[in-house]
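Remarks on the structure that follows.
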Amino acid sequence: MADLLTFIEFSLRGLMVGAVYALMAMGLSLIFGVMRVVNVAHGEFLMLGGYVSFFAWSSVQLNPIASLFVAMPLLFFLGMTIQRLFIERVVGKPELSSLMLCFGLSIILLQGAQLLFTPDPRGFTWLLYPVRLLGWNFPMYMLMIFATSMAIAFALFLFLKATRWGKAIRAVSQNYEVAQACGIDARKVRMLSFGCGAAMAGAAGAFVPVQFSLSPGVGHEFILKSFAVVVVGGLGSLWGAFLAGLLLGIVESLITFYFSSHLAQLTFYATIIAVLLVRPGGLFGSAEA
Amino acid sequence: MREDSPSSADRAAEARPEIVWERVDRRVRRALVWSLPLILLFALAILPYMASAYTVTLTFLVFFWVATAQSWNLFSGYTGYVNFGYVGLIGVGAYTTAILIGKFGAHWLLAVGAAGAVTAAFGFLIGIPFLRAHGIYFAIAMLGLAEGLRVLFSMDLMAPLTGGGAGIGFISGMSLAAKYYAMGLVALLSTAVVFLVANSRFGLQLLTIREDELAAQVMGINTTSKKLMAFTLCAFLTGLAGGLYAAYVNYLVPATMFVTAYYTLIPIVMATFGGLGTTMGPVVGAVLFTIISEAIWARFVFLHLVIFGAVLIIIILFMPQGIIPWLQDRRILPRTRWL
Amino acid sequence: MEDGAILTLERVRKDFGGLRAVDDCSLVVETGKIVGLIGPNGAGKTTLFQLISGVLRRDSGHIYFHGDDISRLRPHEIARRGIGRTFQITRIFPKMTVWENMIVASHSAGAEERARALLELADLLPLKDHYAAELSFGQQKLLDLMRVMMLNPELILLDEPAAGINPTMQNKILDLIHQLNKEGRTFLIIEHDMDIIMGHCEKVIALNFGRVIAEGRPDEVRENEEVLTAYFGK
Amino acid sequence: MDRVDFLFSPYGSELTAAVASVIEELGVPTAASIVATLAPWKGKNAKWMTQFSSTAPLYLMGSVDLAIERAEAKNIAILYEDTPFPIGVADGLRARAKERGLKIAMDEKYDKALTDWSPLVSKARSLGAEFLAGGGYYPAAVGITRAAAGIGYRLKLLALVVGAADPKFVKDLGILAEGVAGSDIWLPSVKTRGFVVEGATIANEDFVRSYKEEFKRDPEYWSAAGYGAGQLLAQAVNDSLKRARKVDRNLTRDFLFNFSGETIYGDYGVVKLGQPDAGMQVRKQHFVIQWQKGKKEVVWPRELASAEPWIGWPR
C-alpha cells in the first residue's frame, strides 16, 4: 500500500514537471506542423523566457505568472521577427538548410546570453512552502505552475479551435496548398505560428528560474527532452505533444526515484531512438498530420 | 506551365562564359596543380623542426578539424542527411584510445587504429537502424544518440572501462611531433578518401541521395546500403581523428567530451563554409576558420562561438552552396568533382 | 497469368487510413505494347505506379513481372529487374550534371556509350556538362525519360510524360516513345490528354475508385458507358 | 606558449586536465590554483604542475565530524553530481563517514542534465536520512535545497558544495539558506601570514585591504587563490634568482614541489617529485561554513570557528 502511494506521489510530481515539457513541446510541434521546420533554437527561446521572468522578479518583484504577460508577448514578437528575417527564407527548402539555420540561431542566442547575462546560474524563490494535497506535500509553486501551464495549453487549443487565425494555422498545417487556394495568407500564418511557438517556449521558460536553475545553457537539456516528447507525440501533433509531455514527466520522475537519474535521462534519448525506429512518424500522430 | 524555345539548348551552350581558371595557360595550370600540393606537403612535413610548439599545436588542431570536417562532409555533405550527433562518433573514437592506453597499456598506434575500427563498427551497427529514419528524424535521432552516449559513458555500467563521470586519464606516450604527423596523416587520409569517393560511381550514387532519394531508388540505386557504407566510412575516419584527439587531451570526461555545441558545430560550419559535397571545401573551411578564429579568439574569447553561429546563418541564407561551388558557379573554378 | 504478359496485377489493394486508393485491382500489360492508363483525378493511377515500382507496399494482392512476384521487393530491386518509371513532377538530380544524371542510373558495363547515344537521340549531348537544374522544363522531362532508359528497362511507367510542355517538345517525346517501343520496350502511360491516348496507345485501361472499369482498344474504351460516367457524371 | 616561463591559475578540473599534458610536454612550472580534482596528478608522475588548491575530498570532510559531534546525526545521505569534482567530494564524505562509523543511508550520483531534484531528495527522506550532503555546482545547491524545502523535509544538517558557499546562495534562497552548511577554502577573515617579502610579511589582511582599495569590494576565494599562487611563484622565482642569478625553469619547478609552508591562501605542500602522485596537494585544509542571519560564519573546525553551529534545517 505504501508502495502504491509512493508510486502515485511520484507520478503526480512528474505530471507537474511534465506540464513544462508539454508547453515547450507544443510550441515545437506547432512550428513543425505549419512550416516543416524543426526549431533547434527552441531551447534558447525557453532560456530567454527564463531571463525575462528572472529580471522581472529581481527588478520589480513581478511574480512568474504575472511576468508571463511580459515574457510571452516579448517572445512572440521575437519569434515573428526571427521567422520573418531568417526562417521564412528556408521554408520549403531541403531540411538541411532549416536545421543548420536554426542550429546557428541557437548558438548565437546561447552565446549572446552568455555575454549579456554572464554564465552565472540564476534563480529566485517564490511560493516555496509545502502544501498538503491528497495527503502528500507538494511545493506551492509547483501547483501554481502546473495550473498555469494547463491554462496556457488549453488557451492554445481554444485559440486554434475557435478563432479565425487559429483555424488558418490548422488549415495551413493540414494542407498548405488548399489553404492558400482558400485565400489564407500562408506567410502571415507562418509568422504567427512561429511567434506562438516561441511564446509557448517563453511561457515554459518563465518557470525555469523558480523550478530549476537558469543559465544560458539551460535550453540544451530542455530541447533534447522536447525532442523526445514531440517524437513520442508525433511531430506536428499538438495533442500528442501535450500528452507525451505529461507522460514523459511522469516517467522521468518515477525512473529517477526507483532507479537513477542516469537511467531517466537515458530513457529520454532511448525513447527518441526507439520511437523513430518503430514508427518514423511518432506514436500518436503521423508525419503528415 | 513553362514554355520551351526549341533553341534554348544551343543558346545555353553559347552563352557559357569561359572559366577563369581555364584561361590560364595549360602548362602553368598543370605545374600549379602538381607543385602546389607538393610544396604544401613539404612545408607541413618540416614544420615541427622549424616552428614553435604553439604553431605545431595549432596546426595539429587544423588537421583535426580538417579530418572531422571532411568526415562529416563524406556522409552528410554527400547524402544530405544531417548528422547532428557527430560528437558521438568522435567520443567513441576518443574513448577507445583512452581505454586501450589507460586500462590496457596498449601502444598508441594500436590504440588509434583500434579507435578507427571500433568507431567504424559502431557506426555500422548504429547505421542499420538509424538510417531508416529520414531527414529531420535522422537529425533528431542522432542528437539523441550523442546525448545518450554521454549518459551511458558516465553510468556505473560502463564505469570499469570509462571511469564513469570522473573520467579517464592516461599518458599517450606520444611526443608533440608524433601527434602532429599522425593527425596530419589522418587529415590527408580523410581528404584522399573523399577525393576518391567524389570521383567514383559511389560518390555519384551518394549525391543522388542528397538530390532525391526516391528518384535514386527507382533508378535502381540501393540507397540504404550506400548510406550505410558512407556512414561507416565516416565513422572510421572520425574514429581515427577522435582517437588521436584523445592523445592530445589526455583526459576524457563524458560531460566535456560530448559537447554538441562544439565538436558537432565546428566541423559542420567548416564543411558548409567550404562547400558541402566537394573535395576541397572542408579543407578550405577548416584552414580559414582556424586562422580566423585564432585571430579573433585572442581578442574576444566569448565571441568565438557566436561568430561560428553567425557564419553558419550567413552561409545558409546567402551562400548555401559554400565557397568552392560559389566559385564554380561564377566560372572561376572548373566544375569538377575533383575540387 | 496470360501468355505474353510482362506485368500482371492480381487483386492489388492499398488503403490510406480509411481511404481505399486501390481496390482489388487486377490488370495485365502485354509485352511490347504501349498501354494507356486513364481515369479521373483520384482514381488511383499514380498510387498504382507507386505500388508497381515498390515505392509503396500493397496491403494485399500480387504483382507479377515476367511471372515473378515482385510485390515484396524494394524499389531499387524492382528497377534492376527492368521496370523503369518517371514521376508526374520530374525528379532529376538538379545539382548533378546531365552526364552524371545519366551515368549514375546505369548498373552495367558500357554506360558511357549508352549515355552518349541516348543523349544524342534526345539532342541533349551539347548540354551534358550543365547541371540538370539549368535545363528547361521540357529538357528536364527528356532527360528524365532518357535517364530511365539507362536502366535498360523492359517496362517503362510514365506518369504524364506530355503534360506541361509545348507541342514541339511533346512530339519529340512521343516520337522517342515510339522509337523505344520499336526496340521492344513496353510502356504503361498515365495521360490525361485523350488525343495522345487515342493516337499513340494500342490498349487503354480505365480506372475509377481504384478499380479497373474498362479496358480494350482506345476507341472502345472511349465509348464505354462506365468510363463516360466516371468522367462526366450522369 | 613558448615564451611562457611559468603558468598559474587554469580554472576548473577538466580544463586543467586538458592543459596538463601540454604543460608536462613543454615543461612549464605551474601552480594550478583552483583545481579540486586529483585526476591530473593521481598516478601521473607529474613533473611540472603542482596543485595549489585543496583537493575535492577535503571539501566536506569536516561536515561529517560536525554532524556526528554536534548534530548527533545517525546517518548520512550522499547525493552528488556525476562529474569529477563532485565525485571527489563524495569520496571524501564516504571515506570520513566510514572512518567515523556514520551509517550511509543513501549514496547516489545524478546526471548533470538533471533538472528536478525532488525525486532524489524524497528518496533520501524515505530512507530516513538525517544528514544530507553532497551536491555539485551552484544549480545543484539551490535545486537540492529547494526540493528539500518543497517536500517539507526536516534535516539535522544540510551541507552542500560548492554553491552553498556562494554569496548568491543566500540572495536567491533567502530564509531557506539559513542553516545550510557549506565548505569554504578561504575567507577574508582568515588569519594567514603569507610570505615574508623584502622583510615585510604580506598577510591575508594586507591582501584583503589592498584588494578593497583597488576594487571597492571584498575579494572572492579565487582572487585569493590567484594571489596566493602568485606569491608562491614569486617566491619560487626569487629562490631561483638567488641560487642561479637567473630564472631557471628547473629551479622554479623544484621550489614548487619542495616548498612546504603558508601563503595568504593557507597551507601549501605537495607530494614530492618522483613519486607517483607528485604535485598533489596534501596540506591545504577546508572549513565548514554556515549561513547564519544572512552572514557566512565559520563553524568548523572549532579552533577557527567564528560562530556556534546551528543544528536543524530549515530554521
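For the reader, a short list of remarks on this structure follows.
Just so it is clear, A, B, C and D label the chains in written order, and each chain counts residues from 1 on its own.
What we mean here is this: a residue touches a chain if its C-beta (ideal position, glycine included) is under 8 Å from a C-beta of that chain, and two chains touch if they have at least 3 such contacts.
Bear in mind that the values here come from a model prediction, so they are computed numbers and not experimental data.
Using CA-based centroids throughout, the chain positioned farthest away from chain A is C. Rounded to whole angstrom, the centroid-to-centroid distance between chain A and chain D, based on C-alpha atoms, equals 38 Å.
Look at where the CA atoms of chain A average out and do the same for chain C: the two points lie 46 Å apart.
Averaging Cα coordinates per chain places chain C and chain D 75 Å apart. One inter-chain figure worth recording: chain B and chain C are separated by 40 Å, centre to centre, where each centre is the mean of the chain's CA atoms. Residue positions of chain D touching 2 or more other chains: 82, 109, 111, 113. Each of the following residues of chain B touches two or more other chains: 147, 151, 154.
Among the residues of chain A, those touching two or more other chains are numbered 224, 260, 262, 265.
The chain pairs satisfying the stated touch condition come to A-B, A-D, B-C, B-D.
The residues of chain B lying in touch with chain C in their complex are 1-6, 8-10, 12-13, 201, 204-205, 207-208, 210-212, 214-223, 277, 335. Of all residues in chain B, those touching chain D in their complex are 52-54, 57, 147, 151, 154, 164-167, 169, 171-172, 175-176, 248-251, 253, 255-256.
Residue ranges of chain D in contact with chain A, taken from their complex: 82, 108-111, 113-116, 118-120, 122-123, 126, 137-139, 142-143, 146, 149-152, 163, 168, 172-174, 176. Within the complex, the chain A residues that touch chain D are 6, 9-10, 13-14, 17, 120-125, 128-130, 137-139, 141-142, 211-213, 215, 221-222, 224, 252-254, 256-257, 260-262, 264-265. Contacts from chain D toward chain B in the complex involve residues 1-2, 13-14, 17-18, 20-22, 25-26, 37, 39-40, 42, 44, 81-84, 87-88, 109, 111-113.
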